[in-house]
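Working notes for the structure below.
Labels for the chains are A, B, C, D, E, F, G and H, by order of writing; each one numbers its residues from 1.
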Amino acid sequence: MTLTFPEQIVYERPRAMVDVHTHYCPGCTHGTGHRLISEVIDEMGLRERTIGVASVGCSVFAYQYIDVDFVEAAHGRAPAMATGIKRVLPDRIVFTYQGDGDLASIGMAEIVHAAARGEGITVIFLNNAIYGMTGGQMAPTTLPGQVTASSPQGRDVATTGRPIRMAELLAALDGPAYIVRRSLHDPANIRKAKKAVRTAFEVQARGLGFALVELLSTCPTNWGMDPAQACAWVAKEMVPVYPLGDFKVIEGIY
Amino acid sequence: MQNEIIIAGFGGQGVLFAGQILAYAAMESGKHVTWFPSYGPEMRGGTANCTVIISDEEIGAPLVRNPTAILAMNLPSLSKFEPLLKPGGTLVVNTTLVDRPVERDDIEVVAIPATGLAETLGGKRLANMVMLGALLAKLPVLLPEALKAALENHLPERHRHLLDVNMEALEEGQAQCLAIHMPVP
Amino acid sequence: MPARGTIVVNELYCKGCALCVPVCPPGVIAIDTTRLTLKGYNPAVLVTEGCTGCAVCSVVCPDAAITVYRDVTPRREKSLQVSS
Amino acid sequence: MPKELLKGNVAMAEAAVRAGVEAYFGYPITPQTELLEHMAARMPELGRTFLQAESEVAAINMVYGAACTGARVMTSSSSPGVSLMLEGISYIAGTELPFVLIDVMRGGPGLGNIAPAQGDYNQMVHGGGHGDYFPIVLAPAGVQEAIDLTVLAFDLAEKYRAVTVVLADGSIGQMMEPAELPPMRPLRSETPDWATDGAPDRERRKLTSIYLEPLDEEVANRRLVARRIAVEENEVRWRGFGLEDAEIVVVGFGTAGRVALSAVRAARAEGIPAGLLRPISLRPFPTQALKELSDRARTFLVVEMNSGQMLADVRLAVEGRVPVEFYGRMGGVVPYADEVLAEIHRLSRKGPISRAIRHLNEAEGD
Amino acid sequence: MPKELLKGNVAMAEAAVRAGVEAYFGYPITPQTELLEHMAARMPELGRTFLQAESEVAAINMVYGAACTGARVMTSSSSPGVSLMLEGISYIAGTELPFVLIDVMRGGPGLGNIAPAQGDYNQMVHGGGHGDYFPIVLAPAGVQEAIDLTVLAFDLAEKYRAVTVVLADGSIGQMMEPAELPPMRPLRSETPDWATDGAPDRERRKLTSIYLEPLDEEVANRRLVARRIAVEENEVRWRGFGLEDAEIVVVGFGTAGRVALSAVRAARAEGIPAGLLRPISLRPFPTQALKELSDRARTFLVVEMNSGQMLADVRLAVEGRVPVEFYGRMGGVVPYADEVLAEIHRLSRKGPISRAIRHLNEAEGD
Amino acid sequence: MTLTFPEQIVYERPRAMVDVHTHYCPGCTHGTGHRLISEVIDEMGLRERTIGVASVGCSVFAYQYIDVDFVEAAHGRAPAMATGIKRVLPDRIVFTYQGDGDLASIGMAEIVHAAARGEGITVIFLNNAIYGMTGGQMAPTTLPGQVTASSPQGRDVATTGRPIRMAELLAALDGPAYIVRRSLHDPANIRKAKKAVRTAFEVQARGLGFALVELLSTCPTNWGMDPAQACAWVAKEMVPVYPLGDFKVIEGIY
Amino acid sequence: MPARGTIVVNELYCKGCALCVPVCPPGVIAIDTTRLTLKGYNPAVLVTEGCTGCAVCSVVCPDAAITVYRDVTPRREKSLQVSS
Amino acid sequence: MQNEIIIAGFGGQGVLFAGQILAYAAMESGKHVTWFPSYGPEMRGGTANCTVIISDEEIGAPLVRNPTAILAMNLPSLSKFEPLLKPGGTLVVNTTLVDRPVERDDIEVVAIPATGLAETLGGKRLANMVMLGALLAKLPVLLPEALKAALENHLPERHRHLLDVNMEALEEGQAQCLAIHMPVP
C-alpha cells in the first residue's frame, strides 16, 4: 500500500511475507511463527541470502509464504537437507521450519545429529503437541492424557511414554550453540519469541553454530478449541510440561 | 438406471454427512451406492464436496465428470459445479448464500433459501437436510421414508437430540421445493 | 493527552480468529459478523474511537493482517530506529 | 453379518481385526490414516497391541520383531512411507516371515499429493527393496473386496511365509460402500515351529536374513523362488466382464479397473465388442488368462493411474501377438469413464496412436 | 594419463573427483566403503565437501539439499543402504534435480552378504521408490568402464535433470585392473537457472516435489516421461561380441556380462555360433538392438547374478519371436564361465529346459 | 568337560555361551560383553525365556554365540525390533546388543524413542569409538583427533562435531529407568560392568522399564594396537571423554 | 598358607590375545609361542607353580577360554553361593 | 594365452600385496590383468586369497574355477585350493607351514620352505616374495625384471627400507626353486 506519511507506521506486514492468504486455520499460530521469521529477515536484511527449508506438516507450504529461496524437505529430514545446503553454501543463511511430529518423531535422528555436529543452521521448531496436517494424531510431544485421533482414550504414558522435551534433550549435546523454548500464546511471549528467533538467526550469521528455537504453538482445529481457548490451553497445560527458558546458550551469544 | 449426485459447500455445512445419509438410505433401499469425498488438507478452511452414486447395478467409476444432480450450498460450489451438471440434470441451489442467478437454461433448477429456512427451524447446520429434502422432491431417486429411516439409524449419538429438527428440515425442504422451484421455460 | 492511532485490517489476510480482540487495551476491535470476507470469514474491524496505536493487536495477529498507524512522538521514533 | 456402509480404510482395519491380527505398528499418513486410527481404538479394547511408531522405518522393524514371534502382525502406510519401509521389507522377506502391509497409494513421486494413484505398482509387485524377493500383491477395487482381500492376505502370508501386500489406491481407502464384514475369528492358538518366542524345552531358534556364505544365501533365495512358483500356480485371481466375445480387451486394476468397467459397459451398450479383465492378484499376475485372450482378441488396452507399470506385465503375457495400447493418468488424476470410452472408440476404429502417448510427446517441449 | 592399477571403488571415486563433484555425502557399507574412504581423503584436500552422514536416509537428504543449490553432488552405497535412500531418491526425481548415485550391489535380500550380486536391478531400473520416475542407469563391467561411466553419469544427470545411477556389482568395486583416469576438470562455473542458492537480484525460487493439485502433478509427471523418452532416443549404450552371425545371443550386464564373454569366446572356439550383447545402459535399455537380433538369432540366453530381473526387459524386446532362456546365480554367487558355456552347449543342442529353472523346481520341496 | 570335583570350580565358561570359537579378533572385548551377558543369563536362569536381538556390526553374529532364541536386526533398528517382540511377549526378557555406529549413528531415532517410551527392554551398548565391521570408519563416538579410515586427518570437531555421549543424552529423557556407563578394559571395571549388566536385566525382569548399559570396548584391529595397548587406550583416552558412572537410576532399583 | 589353584585354557577358544598374562598376580600365565592352536593362534598356558585360583584371568578373557579350579575354603564357598 | 593364479594364506602373510605386485608387473609388461581379492569380515582373523589373471587379450570372467597356478602359503589354503588346480597346473607350497605332502600327481609342484627362507632373509613377512620368485622360475609368465620393477615402483613408502630384502627374497625364491622343486615322475 502507498503511504503518504510512512513515518506514521507503527507496524506493517513484513516485506518478507508473500502477499497471499495462507491455508492455515484461523488463529493457528503457525502464522505467527512465519511472521516472526519474516520480521527478522526484514530487520537483518537477509532476504537475498537466505534459503528456507520447509518440512512436512501443516507448514508444508511455508515456501509459499516467506519470500526467500525455499526448498521442501522429506518428512523429518529438513535438518539433513539444510546440512546439504549449508555445506556447499556456507555464507548463506539456512533455516528449517519444522513441526513436532516432523522434528521429534520421524526426524529425531536428523535433528540430533545436526545438533551434535554443530551444523551452522537455524531451526525454528513449532511444538503444537499434535500432528496437525494428518488430522490430529498423537505426537511424541502430546501431553499425558491428551485425547488425539490415535490416542482416543488419552495418551497413556505407560505404553507411549512421557512427552519428549526436545530443547532439554538437545541441550544435553555438546554440539549446539543456542537452544531455547518460547511460546506464541500471548503478546508478551510472542515478543520474547521474536527476540529468540532473531538471536537464532544472528548465531548463524555470526558463525557461532547450531541454533534452535522451540515455539509452543496452537492447533485450534485438532484440539477442538477456538483460537483464544487454544492460547489459554498452551499457557495452562503446555507451559508446565514444556517450561519456557534458555537451555543452552554458549559464551558470547548474549 | 444410475443417479450421480454431488453435494458441495463450505467445510462446516455438513455436506459429507448429507451425502452419507443419502448413501445409507440408498443402501437400505437395496440399491448399489458409492460415497466419495474430497479429502485431505486442501479441505482445511475451504470447501468440501462428495459424490454419491446410486444405481441398480454394480457401480463402476466412483467419480463422474457430469453428474445428474448437484446440491450447491454456497457460491464457490455453484461456480465450480454448475458447468458440469448433465444437461437436463437437477441443480439445487442454497439461495441464502448464493446471490446470483443460475446461468444454464438446459437444466432443472431448485432455488431454495436453505440456510434461511434452517435458521427458522433451529440452526444453519440443518441447511444440508433442507437441501436433501428439496432434491428428493424434485428427483425421486429414493423414498423420503428411506431418508428418514437413515437419519433415524445413523445420526451420531451426540446429535440424537437433533433428530426431530433434522426430520422437519427434510420435510420443509420437500414442501418448499414443490412450492418454490422455478422450472425453466 | 493519550497517543492517538488507528489500524487497518487487510481482509485478504484476516480470518476472523479474534485473537486481536481481547488483547486490545482500549478494546476497540471487534469481529464484524455482518460481513464475510472473500475467503468467507467475518473480519476484525475497529469499532470505536480510542485506538492508541499500541500495536499489540499486530503482535498477536497470526496472519499479519493489521497495519498500525500512530502519531509519532520523538520517543517512539527513536525506538523505531532501534527495531528496524 | 448385515451390510454396513463402510469407508475403505476402516473396513480394511476392521477386517484385519476380525482376521485375528495381534499387533499393529504404523505411522500416520494420508490417505491411509483412518486405518491407523481405527486400530488405535480397536486393538487396545481387545487387549491386542497397537503402537504408533516414531516413523515408518521403526514401524516396519517393529513388525519384523513381532513377526519373529509368530504373531499375526501388520502395518499400513502410503507411498512415501512405504518407500521408507523397503529395507525392512527386504529383511522380513529374507527371513521368510509372514506379515501384511496395506499400501493406500497416493500421487507421486516425492511428496506429490494425497489423491488416488497407482504409482507404487513396480515398487510393490517387482520388489522395490534390494535383492530378490517376491511379495504377494492383492489389489481391491471396492470396499467389499478390500475386506475380503485383507482377510485373504493374512492366510496367504502364513501359508507361504511371504510378505503380502494389499495394494489399494487412495480412492479405495477413502470411499464408502455397503459391505459385509466377516465374523470375528479366534486368535491363533499355536505358534509356528520356527518362531523365536523364547519358549522353554526346545532347541533355541535363530531368525536372520544374513547368509555370509553365498552358496547358503543362494539356497535361501531358491526357497523364495520356489514359493514364488507355487504362488503363481495356486493363487492367481482376476475378474472378467464380457470377455467371451471381446475383441478389445481392457485391462486395469483397482479404481482404474472400475472406471474401465463403466467404459466397457458403455461400449457394449453401443455394440462395440469390448471386455474387461481386472487383475485382483498383481503378483501372481494373471499371465495365463491374458495369454489365452491374446489368441482371440484383436487388441488390448491397459488403463492405469500411472505412466504404464502393469503395462509391462501385460505385454509379457501377450508377447506381441496383438497390439497392447495404454491409457494412463498420472499424479493423482482419476480418469473419467468417458476418457477410456474414447480410447475404446479409437481402437474400434483402429485409430491413430493412443492419446496418452500423444500427451506425453506434447509434453516433451517443457 | 598413463594407466594405473586401480580398485574399482577407488577408481569411481577419483573419477567423480575429476568430473568435478563438489559434494559427497555417504555412509559406510561393504563392498562400497573404499569409495567413501577415498572421498574422505580427497575432497577436503581439494577444499570440497565430504561428510559422513549418520545414515543413508540422512545422506540422500543431504544430497537433496546440495543438489537444490545446483552443485554437482553424489552419494554411494550398497543394496540395503540404497533401499533406505528410496524415499529421498523419489523426492529428488520429483523435484527434477540431477545427482549421481553409485550402488555397489551385494547379495540379498535383507542383510544377506557382501559378495557381488545384481539383485538391485529392478530397484534401480524400474523405480524402487514410490511414484513414476525414471533414473538413468549405467552398468560398468570393468574398472575402466566404471571410470568412464561415472564421468558420463554426471553429464547425463545434468543434461536431463535426472537421477543417474552407476549400478556396479561388488566385484567391480573390489577388483583391480589397469585403467586410465580422466584429466581433472575445472569446477562448474555457473549456476543453473533453477537453483535455490539464495542469490540476490532475482525472483526467489522454490524447489519442491509437492503438487497438491493432481493436474499440476500430472504435468510434472509428463515432464519426467518426456525426459525418459528423450533418454531412450539418445542414450542407449551396449557392447556386442560376435553378434554378426550369432544364432545363440547371450545377454548379460556387469560382471555377468564378463563371465558370459569368456563363455561365448570358448563356444566360438568350439565353432558354436554364439554372440554376446552386454547392455551398458540398463535404462535406457537396448531394446531396439535386441529386437533386431531377435529377427536373426535362434535363441537368447540371459545371464544374471539374480533370479532373472533384466530377463523381463529382454523378453519385452524379443516379444516371443524366439525363445529366451535364463541362467542365474543368486545370493552373491558369481557364476563361472563353464556354467554359462554348459548352457550354450545345451542350447546349441536344443536341450531340455534351463538348468537354472531346474534347480528352482528342485528347491520347491523345502 | 567332566569334573570329578565340580565344587572345586571357581570359574567356568557360562552355559549360555555356545561352544564355538568366535569370529572376533584376538582380545576384542566384544567377547567380554558376550561373556557377561551369558553369565547373567545363567545366574538369573533366563535362558529359556530370553530373546536376543543382534545388530549389524562386528557383533552381527552374536546370535551364534549366546544360547538363547535370537533374531538379527537391520542396522540401527534393534530397539524397534525388540519393541515389536516385547509388545507381543511382555513376559519374555528381550535384549539388544548394539555397537556405537549401530546405536548412536544410524539407530539414533530408534534408541531415543525406545528410551522415551520406557520400552521394557535391556540394551547392551558397546562403544568402541569406531565402526569395526566395515573396517574402521569414524563413528559419532570417535574421539576428537582420532584417525580413522573416514577421518584420515583425525576427527575434526569443527566439521563433524564432538563425540556423542549416549548415556548422558538418553538420561535427559523422562522415559528410561536405568542408564549407566561402564568399561571392559580391566578386571575391576569388568566386574563393575557385570554388576551393571545384571542390574539391567533385573530392571526388565522386575518390570521397571527401559535399561541401557554403555560399555566402553576395544577394537584392537582398527585402532592398530595390540589388545593390551587397546585396553590402556580405553583407560587413558576414552574414559576422560566418556566418564564412567550412573546417569539415570530410578527409585527402587538399588 | 596361600590358597592353591590351577587353570585350564581351552584352545578351541583361546586366541592368544595375552590379556590374561599381565593381570595374573603371581604371573604364572604366558603365551606359548612354540605352538599354534587349530585356529592358528599361540595359546596361553600356565607356565609355573603358584596359581592361587584367584580367577582374575578368567575375568578378562574375552573368549571365556579359561576354567579356574581351586581348593575350596568355607569363605570362598559362601561367596560362591552369593554370586551363583 | 591366459594365466590364472590364486595366492592364498593367513591374513598376515601379504597374499593380497603379492598379488598386486604380480598385477603391476603384468600391467607394466603390457598385458591385460585383473586382481580379485577375497574381501570383507570373513577375512577377519581367517585366511585371505586373491586371483590374478594375466592375459594377452581382454579378460572376461575375473574368477576361475580351475586356476593354472596356485601359491599355497599355509595348510588351509593347500587343502582348499589343491583340488581346484587345473591338471598340469603349477602348485607352489610353503612347506614351512604345510606339514603334509601334496596329494595330486597330475600337477607341477614347487615345494619351498618360504617362511623359513624368509626368516633367514630378514623376516616371515618376506615369504610372499619368496613364493612369487619360485612361481616365476617355474612358470615364466612374466620376466623377473618386471616383478622387480613393480616392487621398485609400488612398494608402499613406509616399507621402502625393505625394498632390497624383498628383492633378495624374490631372487632366493627363484634360485631355490630351480634347485629344490621336485617334478612328479
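In this section, a contact is a pair of C-beta atoms (placed from the backbone, for glycine too) under 8 Å apart; a residue touches a chain by one contact, two chains touch by 3 or more.
Model, not experiment: these values are computed from the prediction.
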| item | value |
| --- | --- |
| Co-neighbours of chain F and chain A - touch as defined | D, E |
| Chain whose mean Cα position lies farthest from chain E | C |
| Whole-Å separation of chain centres (CA-atom averages), chain C against chain E | 61 |
| Gap in Å, rounded to a whole number, between the CA centres of chain G and chain E | 55 |
| Centre distance in Å when chain C and chain H are each reduced to the mean of their C-alpha atoms | 87 |
| Rounded Å distance between chain B and chain C, as computed from the means of their C-alpha atoms | 40 |
| In chain C, residues with contacts to at least two other chains | 15, 39 |
| Multi-chain contact sites of chain A, meaning residues that touch two or more partners | 24-26, 60, 72, 74, 105-106, 108-109, 113, 133, 140, 159-160 |
| Numbers and ranges of chain D residues touching at least 2 other chains | 30, 51, 54-55, 57, 80, 87, 91, 95, 110-111, 114, 208-210, 212 |
| Residues of chain H touching chain E in the complex | 20, 23-24, 27, 32-37, 39-41, 58-65, 154 |
| Contact set on chain A toward chain E in their complex | 48-51, 53-54, 60, 63-64, 67-74, 77, 80-89, 92-93, 109-110, 113 |
| Chain D contact footprint on chain A (complex, rising order) | 56, 60, 72, 74-76, 101, 105-106, 108, 131, 133-135, 137-138, 140, 149-153, 159-160 |
| Complex contact set, residues of chain C against chain A | 5, 10, 12-13, 15-19, 22-23, 39, 41, 53, 55-56, 58-72, 76-77, 80, 83-84 |
| Of chain A, residues touching chain F in the complex | 105-109, 112-113, 116-118, 140, 157, 159-165, 168-169, 171-175 |
